[in-house]
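Here come two complexes built around chain A, the first alongside chain B, the second alongside chain C.
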Partner chain A sequence: MSFTPGERVHVSSRAHNGHHRTPGYLKGKTGTVERVHDRFLNPETRAYGEDGTPAQRLYLVGFELGDLWPTYRGGAGDRLAADVFEHWLEPAP
Partner chain B sequence: MERAAHDRGGWPTDAPIDRAEHELADWELLMDAIVGSLGRSGAMNVDELRRAIESMEPAAYDAASYYERWLFAAETILAEKGVLSPGELDRRMAR
Partner chain C sequence: MSHDHHDHDHPHEHLTTADEPVVAARVRALEDLLLEKGVVERDELRQRIDWLVSRTPADGARLVARAWVDEDFKTRLLADARQAALELDVDPGPSPVVVALENTENVHHMVVCTLCSCYPRALLGPPPDWYKSLPYRSRAVSDPRGVLREFGLTLEDDVELRVVDSTADIRYLVVPRRPARTDELGEDALASLVTRDSMIGVAQPLTAA
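What follows is the complex of A and B.
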């Protein structure tokens, strides 16, 4: 499953034991793909001495701060952008 | 979902953000160079470094400075790979 800029995506909230780069505060949240980065070696396997192949696509995903923090009191248009690997993303329902 | 000590975006706190600049100590520069050398030689990659940092006990993680975490992680990974034997660093430092 690959995504294109402007597409709404949901960050998986599946349990994952072990090293991964998806911040807990983004899990289960919905954002918008802002940019498609290159593919990179997978840190989740590389962290245990493997070579990290196959490389995984990385995306820049933007989130409304109000969607991340229910008590957010800042500006309505305030956003956060984070790099998220493709295998952590699902099409937004 | 349980989050590890490093995964703290959004944790509630009343503590002010420390924005003070500070000079790095010699040992911190050396730690940076050692981890860089280990990476370039293929002995340890950055994902292994991060995984070892994340494996620290939460109290130890909180008490440690940035480069103290790097030291812990480098020792952990090198011991795991048999580059260092158990207790080797402690024995050398005791000399």
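What follows is the complex of A and C.
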């Protein structure tokens, strides 16, 4: 499953016992693909001595800060973007 | 701790000081393990440390100052900062992709790494301690305007704040706004206004003297 800029995506809320680069505060949240980066070696296997192949597509995904934090008290247009690997993303329902 | 009776074949005793932080001992233990297991060579480790401490924010500042005076360069910097750095003979470091984020009248970027301390070290040098601290890493994503106020930067309400959490292989560099009344300044003088903090996005550049 690959995504294109502007597409709404949902960050999987699955637990992952071990090293991974999906911050907990984004799990289960919905955002918008802002950039499609290259593929990179998978840190989840590289962390344990494997070579990290196959490389995984990385995306810059944008979120509204108000969606991340119900009590957010900043500007209404304030946003956060983070790099999330493709295997953590699903099409937004 | 006494070492009088140790019987393992440790090659040497480490130099220590009584008030050394615990993390220093932890780093040395990791270093010893990496060497012992052949993951890195000691000289390779030394070279990496020397390279890291030789880097300074002056390189990042050169990129920003050039972008301020040369619109075409700015376009190239925003499209591919790694390539733009190479163009100025600046070492962009080992990260395969460096992304430059432009601050404008309407948009302000700030960078954090909530998971650890990802940072464009090649262009800015070693990260400041606060960048690696838990309070910055947690509050930059939950109360970024509050964090900026503590750094002395109060954003207008209608400025869109964009926090970028550097979670993986990409390194992010903020291109701050050119200060007012700097039309007369040359590129070197402009570069001296570009602080490290302004390229992390927690401050504006210095104002012209």
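We adopt the following convention: the second predicted complex is superposed on the first by the 93 of 93 C-alpha atoms of A that agree within 3 Å, B and C clash if a C-alpha of one lies under 4 Å from a C-alpha of the other, contacts with A are read in each partner's own complex, and residues count from 1 in each chain.
In the analysis below, contacts are C-beta pairs under 8 Å (C-beta built on N, C-alpha and C of every residue); 3 or more make two chains touch, one makes a residue touch a chain.
Here the structure is a predicted model, which is why all the values come from computation and not from measurement.
Superposition model on chain A: chain B and chain C are shown in a clashing arrangement.
Of the two partner chains, both chain B and chain C are touched by A:Pro23. After overlaying the two complexes on the shared chain, residue contacts for A:Ala15 are found with chain B alone; chain C is out of touch. Look at A:Trp69: by the touch rule set out above, it reaches both chain B and chain C. In the superposition on chain A, contact of A:Phe40 is made with chain C only, not with chain B.
If you count the residues of chain A touched by chain B and by chain C, you find the higher number for C. Judged by the document's definition of touching, chain A residues 23, 25, 43, 68-69 lie at the interface with chain B and also at the interface with chain C.
Here chain A touches chain C in the complex through residues 21-23, 25, 35, 37-38, 40, 43, 58, 60, 65, 68-69, 72-75, 77-85, going by the rule given at the top. If you check the complex, the residues on chain B that touch chain A are 1, 3, 7, 9-10, 45, 47-48, 50-51, 54, 81. Within the complex, the chain A residues that touch chain B are 13, 15, 18-19, 23-25, 27, 43-44, 46-49, 52, 68-69.
Against chain A, in their complex, chain C makes its touches with residues 96-97, 99, 114-115, 141-145, 155, 157-170.
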